[in-house]
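Below are two complexes that have chain A in common, paired first with chain B and then with chain C.
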Partner chain A sequence: MKHKKFTPWLFLLPAIIFIGVFVYTPIIQNFYYSFFRMNSYSQKSIFLGLENYIDIFTDDVFYTAIVNNVWYAVISLIFQVGLGLVVAIIVESKFLGKKSKVFFRTIYFLPSVIAISAVGLAFYFVYNPSLGLLNSIIEIFVDGNYEFAWLGNPKTAIFAVIAMSQWQWTGYVAMLLIVAIQRIPHELYESAEIDGASFFQRAIHITIPLIREMILVTSVITVIGSFKLFAEVFVTTRGGPYGTSHVLGTYMYETAFFHDKMGYAAAIAVIIFVITFILSILQIRLGSRSD
Partner chain B sequence: MSSINTDSGYNIKKTIILIILSIYVLIILTPMLLVLISSLKSNSEFFSSPLSFPKKLQFKNYLTAWQTGLSQYFINSIIVTSISVFLTVFIAASASYGLTRFDFKGKNIIFYLILAGLLLSPQVALLPLFKLLNNLNIYNTYWALIFPYIGFNLPFLVFLMRAYFMSFPKEIEESAYLDGCNTFTVFFKIVLPISKPIIATSIIVSSRLIWNEFLFGLVFIDDKGLMTIPVGLTNFQSALQTDYSSLMAGIVIAAIPMVIIFLLLQRHFVRGLTAGGVKG
Partner chain C sequence: MFNKKNIIFLLVVVLMVLFSGPILAQDTIELDFMHRWTRSPDNEFLEEVARRYEEENPNVKINVTAISNDPFKEKIKIILGTDDAPDVFFSWPGEFTNRFIREDRVLDITQYMEDGWKDDFIPSILEPFKYEGSIYGAPYRMDAKVFVYNKEIFAENNIEIPETYDEFLTVLEKLKNAGVTPISFGNQAPWAVSHYIGQLVAYNVPNDVYEKDIRPETGSFEHPGYVKAFEDFEKLTPYFNNNPNAITHAQARSNFLNGGAAMTYIEINEIPEIMRDREDLDFEESFNTFKMPFPEGAEGNPNYLVGFPEGFVVSANTEYPDESVKFLKYLTGKEIGKLEAQKTGFINGIKGVVDKGDVTDAIYSSSQMVLETEKLVNWFDSALHSEVWAALRVELQKLTDGYATPEEVAEVLRETAADVREDLN
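On to the complex of A and B.
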């Protein structure tokens, strides 16, 4: 078939425009902003060179935020990928019938389809000092009233938020791993069983090596997600108390829209970009190797 | 074949596994049920006995939540999500068709540029987008959300659909060309209908992401009358003051559409996952 030269471009044009205008342009502009002092609502800006970046590296809240992102990444790797893997292997084991497999998968995946702000508000009450579910459960084991403010204490606030995310996302990661496990040919397990391999031996010698790439991909996705964090913290603590539970996303938002330091916020965004971009390239390389 | 000994071993293992999995089910369901139960209590019961069952089911909490602004947030979310999803899916299908059915210079570069959009985090675009939307005079309108949602959801859907388009045979299209159809009628009359399964998956994957999106919804909309439900919920807290049971009802209303869609159309969620995980 012969087509006019411009025909394919007609099909591609809308996508190119939307991605160009609303994805690429702002991200490139953000780099530019990061070299200026500027405000949200005025057009005036003053060139600062690298000053915003120098300020960032002496900013205590920035360090608190990035450390919190790292905590989120580490704990998420342990629970979402580590525990998620255990859950995936158990759910896909021969001990369960087809119906119970579907039942468990469905329940575990369920939290991930709910809006983060809805989950955040719900956990705001789970962590409530006097009315909350968590303290009520603890009260079963200790005498008298237990009224610890999980989200109000600088030492526990970020970890309470992280715990909530494990609740929401472990089943999601488990589902990704389950899909990978289902692609393993049955014959491998059958011959292992004839050889007398136990459940653990099969998991360690067959399942895990064969889904190794998917485990790596989910690990990287989990770490990328940790640096894109925003709503979880914003809805529950807004970075408080005293800025101790800030992550890069909420700190960027606060500097831009409460302190009106757009250029400084843009520099924080550049840091987020560098971290997530490098990790994403890693994910794609791992992902393409597993296909 | 198996002796009684191994049978009982098998049963013990099976029981242990079922106990572990059930504890996890309990951890998942307890907060959800707590919200559901609290949403049906009177507010005084919420404070006096936060963990007990309601004496009388208070469905009026849902009415209070709905009338205190949630109905508007819900409608806004439906408008923004449906327009964004429709346009994203259509534009992605068109781009994927262009990428799989034609040979032209620069094809691979365009594909990789679209795909590279997957690497870019919406947070990084937030501040310039805020200014851009102001300059375009669409800040604080539905379009302030719809356009960025299209931009950020396109890369994944093109990735998803391109793979699907490459997998089905070109013969059907070729016979249509012989019958005198042009590229556009082939796209609308043949390619789109054949692609129903991947279109369904795309609709569901992007609906979930857009319905639940928070950051853009928070920053690009200022007017309470235009807010989407995830952002509206956080506003709700102050509007309802201490009417916590109605707030709980609001959480249920915000969560329920995606929960129902997931329970009915699970396989599409899973298909979306297998093509490459994106979280958030």
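On to the complex of A and C.
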């Protein structure tokens, strides 16, 4: 019965080959390329050693991008996880009837199923300086024409993009938390009520402690997502104006395809990989503790 | 039904099909053809050119791929690095193509041109396709940049077409004081600003200095004319609409066409497009054009015009160089040129391809202006090395918004050019 030992391996083999070819090989190649000066249409590549990395750490746009990623992470934690938690607790509370619960769940969840390019285009029009919805609303409160370029101003561009993401993903995170809340046994709430605990006290002392793991996991997912960010910025500002709304993902793309610096882009990719890798280990650890 | 005979018959049929495939394929040559026109009627026209060519050359099959303008710039770089590079593809002459030539990605077609083909072209339109003495492509359409103005707004404010840059600035001030937006400008994709800069550099920098500077190996951009060009551009910024960096060129153009501004800066190739898209407007009745006025005393040449032709090149890795060049010759030749002028309004680089009356007056007169020009100067973005332009476009957007001074912009230009020069030498 010796062959039985290999049977599981046989079944795993296709997946191992697939992941090896399409995931691990490119990652290793990417590490290798990050030591060269090269572009996509050339056969020549020049070995630079660590020069790409040294250049990156003296590159202003790189720091702008990192800071923007961090802003994205912080604001997403406050809104998606913080506000999402509040939404989840209220939607699951006794204040709402069964039908309105379903209604609000759907309403909040809906933005997350819309394709990012459609959302980007919609918000591009919302933020349009002369015709946009946002400026039109502001015009109700101020006199005359209000023409502020939300996506065109270096001070507001990245925050306008971040705001768009909060609109899209807060409901999604709230949904994950709602599922966790629904698993809490009803008896706990009933006995707390008998003891005279208010709605606020029940939320603080029962709901939040019992879904702590889920809050941690969504927090880590949100932070990882913040560093893998690409499409949101790409479809709205493409990093503009003057590179102030770049995040690591879009800056990597720009150096690869506009500056023709593939090696430099590979080095940025390595940095993104290291950051998300560390965060992923954190997530896996938190995830395993929750079981 | 499934007796032996039937099965043998089926087998024979299957084998016949299998074996005839490769035999047929040997006779048919497939050429991949890639261009950047995704809108009607320009894409349909190129599709038609391919079908016509196939009819005349039954052994050739042309696979047409169209990718829109901005993604094309990225995709072509990637695909040229693979074995699947298209045989014949669109390219912007100048540094955009030269970088591919330096990497042996583009076929030198000088020897094909020697048989007299070269003489079919208007020399100034073919010239941009040369690199270090050899010819690498053929023009598909000529182009140049002009101001187009709203005749009614000019008449209402008693404005004459300005002759000098100072007069131009006076006109802009007068319009602004009258409550009109003088120039509609959309610079979200900063190639738009590179057209202004290309013209102003041609006016402010002596041509021999410019030619040396746009070669990445020798470019230093130390001539004071560059700062002067950025200063001249800066003088225009108070007269643009609000937030030019936040709106696209297309938005700015439709704003102008709807009467929202007195002028806008467009390529002459946009005129046929406007005429088709806006049947509600009578272009010749409502609008007219003028060249950007020359800043008096500037060191460049007042007869130079920004606007490079666009065309097609052949891949150096093509399996069928002769067939690809033959298709290129057809594509950019006189017969197609005449059809092209009729159907798309583009004028290619062949001598005498249109006479007055063949196309609308606006298109004819603008093409004549290009032909009468002493020299065409490349758009500044496609003239520069990619790294230099990548840095400069950020600075030029800042300059447009007043976040950078002309001297700061020139400083970045000099520094990145020096870095690139060092890398290449």
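Side notes on the structure shown:
We take it that the second predicted complex is superposed on the first by the 281 of 291 C-alpha atoms of A that agree within 3 Å, B and C clash if a C-alpha of one lies under 4 Å from a C-alpha of the other, contacts with A are read in each partner's own complex, and residues count from 1 in each chain.
Heads up, the rule we're going with is that contacts are C-beta pairs under 8 Å (C-beta built on N, C-alpha and C of every residue); 3 or more make two chains touch, one makes a residue touch a chain.
Given the structure is predicted, the values throughout are model-derived calculations rather than measurements.
Contacts of A:Glu147 after superposition on the shared chain: chain C is touched, whereas chain B is not.
When both complexes are overlaid on chain A, the residue A:Leu96 reaches chain B alone and has no touch with chain C. When the two structures are aligned on the shared chain, A:Phe36 is found in touch with neither chain B nor chain C.
When the two complexes are superposed, the chain touching more residues of chain A, out of chain B and chain C, is B.
When both complexes are overlaid on chain A, the residue A:Gly171 reaches chain B alone and has no touch with chain C.
Judged by the touch definition given at the top, the superposed model places A:Ala15 against chain B, while chain C stays out of reach.
Legend: residue contacts after superposition of the two complexes on their common chain; A:Val235 is shown touching chain B, with no touch to chain C.
Within the superposed three-chain model, A:Tyr251 lies out of touch with both chain B and chain C [touch as defined at top].
Of the two partner chains placed by superposition, A:Phe79 touches none, neither chain B nor chain C. By the document's definition of touching, of the two partners only chain C reaches A:Lys44; chain B does not.
Overlap of the chain B and chain C contact sets on chain A: residues 40, 257.
Those residues of chain A whose C-beta lies close enough to touch chain C in the complex are 37, 39-44, 128-130, 147, 149, 151-154, 240-243, 254, 257-261.
Residues 73-74, 77-78, 80-81, 99-100, 103, 105, 188, 242-243, 245-247, 386-387, 390, 394-395, 397-398, 401, 403, 423 of chain C touch chain A in their complex.
Residue ranges of chain B in contact with chain A, taken from their complex: 10, 13-14, 17-18, 20-21, 24-25, 27-32, 34-35, 38, 46-47, 50-51, 91-92, 94-95, 97-99, 101-102, 104, 107, 110, 113-114, 117-132, 147-148, 150-152, 154-155, 158, 174, 177, 183, 187, 208, 211-212, 214-215, 218-219, 229-231, 233-234, 237, 244, 247-248, 251, 254-255, 258-259, 261-263, 266, 269-270, 273-274, 276-280. By the touch rule above, chain A contacts chain B in their complex via residues 1, 3, 5, 7-12, 14-16, 18-19, 21-27, 29-30, 33, 40, 87, 90-91, 93, 95-96, 104, 106-111, 113-118, 121-123, 125-126, 131-133, 136, 167, 169, 171-172, 175-176, 179, 199, 217-218, 221-222, 224-225, 227-228, 230-231, 234-235, 249, 252-253, 256-257, 262, 265-266, 269-270, 272-273, 276-277, 280-281, 284, 287.
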